[in-house]
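Two complexes follow with chain A in common, the first pairing it with chain B and the second with chain C.
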Partner chain A sequence: MWFVEILRAEYKLVYAEMFRRKSMLVMMFLYPYVLTGFTLFIGYSFGSKQVFVERTGVAPEIFMITASFIILSMLASIDDMIWKPLMDLWHGTLPYIIASPVSRVMLYAAIPIPRLTAVIIIGSTSIIPVYALYYGLNGLLTSLIIIGLASLGAVFMITPAMVITGLVNTVGESWRVINVIRPVFMILLGAYYPRILMPIAGLIASYALPPSHIVELIQAFLRNAASTLNTLSLIGIATALFVIYAPGGSRSILLWERKKVKEGVKYD
Partner chain B sequence: MEVPSAITTRNLRKVYRVKKRLSLIKSREEVVEALKGISFEVRYGEIVGLLGPNGAGKTTTIKIISTLLIPDAGEAYVDGYDVVRQANEVRKRIGLMLTVEKGFYGKLTGKENLEYFAALYGLSRSEAERRINHLIKVLELDKLGAVDKLFEEYSLGMKARLSIARALLKNSPVLLLDEPTLGLDPPSARKIRELVKSLAREEGKAVLYTTHNMFEAELVCDKILLINKGLIVAEGTPDELKSKIPKLRVITITVRNGERVKIEEALAPLVTTYTVTSNEFGETTVKVSTKSPEEILGEVIRALVACGCDISSVRIEEPTLEDVFIYFSQ
Partner chain C sequence: MIRKALAVFKAYFLSDFVRSSGLLYGLLSMSMWILLFIVPMSLFAGPDVKGEAFSAYAFTAVLVFLSYNMATWDWAAELRWLINRGMLEYVIASGAGFIPLYSGIMPVSLIWMGFSLTAIYVLLTLVMGQPTLIVVDSLTLAIGLAMLIVVLLGYALILGGTAISTGSVGPVMEIISWILPIATGGLTPLRNVPEVLRRIALATPFSYPAELIRYSLLGIKPVVELNYAITVGALYAGAFMLIAIAYFKLQIRKILKEGIKTISMY
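Up next is the complex of A and B:
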């Protein structure tokens, strides 16, 4: 029951920020197109569209809009979780949150969910029109499946995001950290850069991330190469990793909080 | 069974290590002893004021009790629960107001902010709704038009009221208020003072209240702890504290029909420090400085009456709490 109330509160907070800050709302719809436009521009400048299709089996426009959507969806968890304590520090709300009896696991699990549901909105304004344009009615169905898979991948990101949030904030609370974390995860998720092409260290790191398996599944699905066994095994691995990260996630958040109260939570 | 004190601290100590930058490369670690062993108690229904100059240790004390800081040594309990080992139990029992200006989300309205914190405090939706509506009325947030206004558009007075509303959301038995009226306009400050007093008197809440405002401390607090350089230097009721400072009190007596010379002759054997001044309206003011006005007041009045004076008024000027504060802060 308490989780539902926390979730409702987080929804109100995130959606108030989203709808009352018009620039944020506009950027939310524009981002997939901006990212796609940027990557296509780079791609067309250095390579050929034909070679891209031969190598990936998908048109670059479709591949890139899907990759941009995946990245925005799956990074929402990690973005929101790292960002929230910093925002609370800035608003002066952090001491009230730390001095509240709320379960930290429940709170941090609830933080990214409002934005994850916005994924559906982002999907409906980015990949649905592009897929419909390229593949017609069939494309509409495909895009809905991709939105569903991306949402699942985004949920699988919650527990590793908790681990990373706790550790990153323990080492040092800074807005700049997000700017380092984001590109690293953009690569490791394999959305823009298929992980089969990664060096061994990158490949191991990528395999350790639950949503990267969902990204692989989406890419296989785009190439019509997703068998039932393949689908189930990738979802199974992602689920197992999600569960494995859970205890570490709560410990990591508590580690950061312990550091905060040892130093003294600042509010003046 | 003995009822535990609302707040108990025993020998609380805290040292901050601050890195002081000397040049581009060099820095030096400075040790600041914020608390040097503080012990006190706050009972239910009691408002205890924590008074002291900047850097005295007031905020550090509040932080420790509100579980926002771990002490280096000593113990602190809220409703019998240890603030370090049983922090979550303590958090269920405290209402907190730390700053007036910050502490809410700017893009949420006042009511939405309260709903957010009610969820964190574990209130059900119906209970939260009931408490929030009650507090909005009590703090007159509706009359100020603050309920559906974004927090970023709030005035300081509205912010303070909203902040105290949050502290009261879960109806905690213990309230920790860090300078709750700082920078407020007189009506808002008065509203908050009255509310705090009624919470202690009528609902039996224990309140720990820090302030710089002597007038306010005297008006609100049942007991005052004067804290300086990490130590409690004096404690007691405002009257007890005033009696602790060796300051002479002044008896001011206004008389009519008195001759200045006769008055001076009458007072000379009784008191050593006095002044007699007359004005053009035939009034004479006699000021006598003494440590114990109660002991000599009768004799002085008898002497004045004996030399033909009609007493118009008698006033004893007490040392103010500000005098006490300055005396113990030095």
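Up next is the complex of A and C:
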């Protein structure tokens, strides 16, 4: 089965699911605002906008809606891949997937791509209106660039997510481990708390994550501090990391697959 | 009934805390999510705000937020899990009712809450500085906590009742669990919120216990007079609980008549 065919099947699945579950669709619209409201509400109740702007160089409303959009975009596109082996196990479909002639590596690489549509949906209902309100027509252009960059960031997350998916499911098949890893990823992205302000250990770990470079670029862009050199170097580093993780991602998925073939599918 | 409650307690305790190192992973996961949202708040704090004061503030906000979450996910959503596992019919058919079930679950939730707060305290101490929590008024604290439990039980009954009778799904609960603490003044002192929001919060029974807890731990005076907050809050909590019980019973009668609605798995 060719990659394109897998991709087409995934697209059909994602759209059917997206429009069938209206509550999920509504959540996509609401969540960036809820998270932004949550952070702004607490932040403003004991701090000040002035301090925030001095530290980040961006208005809190813009910073937080962008951060919420980035986090949700990452979750929307990558989460399904990380959870897929467990979901298939719980649904009882894993033996059929393992037995099917489809390459598991191609399947897992294809999963996030249709979900990138969610990035555009989330962006068009969150940052586009807020940016337009703040910056007028210029805001529209800025938000389109940010949506493009966030999509790129989500693509760059595919290979490290494949490494994690294979390893976690090979070692323990534990949803608990995944639930620890997800927020750690989100912290290391530096979307809510710029990585430049992180302690050194956090900074190093953040540098190892390809999309964190894109997040830094987005934040520089919002501060009007993204020079051509800066932009190219950050995208270049992220691309290099994406490529570096690719063989590991493939091996990790194959390792998990081999384990399943050898030991069979165990039900908890 | 005690025997049944103990059996439930043992089953949930082993499942949540002992098996698969659930406690450790659960605490780690929760700490990371809290860290993700709490640390950015420090970007708003000026040099005059001490780390310890910020920690204390964050700790009380997390305390109230986790309490709401406990009511949403441990108590209300439990009814939905029972449907998903095909167990709700058996619970009803057994004739034991929901009291033994919840008598077993609630201590597990409270133990979990204790562990969570300890983990958050340690985390805040490491990241921001030790939270400067001083019990200003222990009696008010006890009243506030008791009131909070009553209000949350009422809320769980209404949310759980709605979930079983309408087939309401997880996303709705997720949104509620974020919006409710904000809208009802659970996260920040009502003194610091805009007038409109303050009025909305005071119209709900949730705001009174939250204000009392903040007063007794942080010394921040409630927006209404203390005795008024205690009296009105207690009456409101009691009335809310009675309405919630009546509503829940009505929903049970409804599903006994109409059957349980098919709901999405997640």
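The working rule: the second predicted complex is superposed on the first by the 254 of 268 C-alpha atoms of A that agree within 3 Å, B and C clash if a C-alpha of one lies under 4 Å from a C-alpha of the other, contacts with A are read in each partner's own complex, and residues count from 1 in each chain.
Note that in this section a contact is a pair of C-beta atoms (placed from the backbone, for glycine too) under 8 Å apart; a residue touches a chain by one contact, two chains touch by 3 or more.
Here the structure is a predicted model, which is why all the values come from computation and not from measurement.
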Partner touching more residues of chain A, whether chain B or chain C: C
Contacts of A:Phe46 with chain B and chain C, given as first, second, both or neither: second
Which of chain B and chain C A:Leu107 touches, first, second, both or neither: first
Partner chain(s) touched by A:Ile98 [first = chain B, second = chain C, both, neither]: first
Which superposed partner A:Val265 touches (first chain B, second chain C, both, neither): first
Partner chain(s) touched by A:Arg21 [first = chain B, second = chain C, both, neither]: both
First (chain B), second (chain C), both or neither touched by A:Arg8: first
Residues of chain A at both interfaces, chain B in one complex, chain C in the other: 21
Partner chain A, residues of chain C touching it in the complex: 20-22, 25-26, 28-29, 32-33, 35-37, 39-41, 43-46, 49, 54, 57, 61, 169, 171-172, 174-175, 178-179, 182, 187-189, 192-193, 264
Chain A partner contacts - residues on chain B that touch it in the complex: 16, 59-60, 63, 66-70, 88, 91-92, 94, 96, 98-99, 101-108, 112, 115-125, 128, 150, 166
Interface residues, chain A side, partner chain B - complex: 1-2, 5-6, 8-9, 12-13, 16-17, 20-21, 91-93, 95-102, 107, 261-265, 267-268
For the chain A and chain C complex, residues of the former touching the latter: 21, 23-24, 26-27, 30-31, 34-35, 37-39, 41-49, 51-52, 55-56, 60, 64, 67, 174, 176-177, 179-180, 182-184, 186-187, 192-193, 197
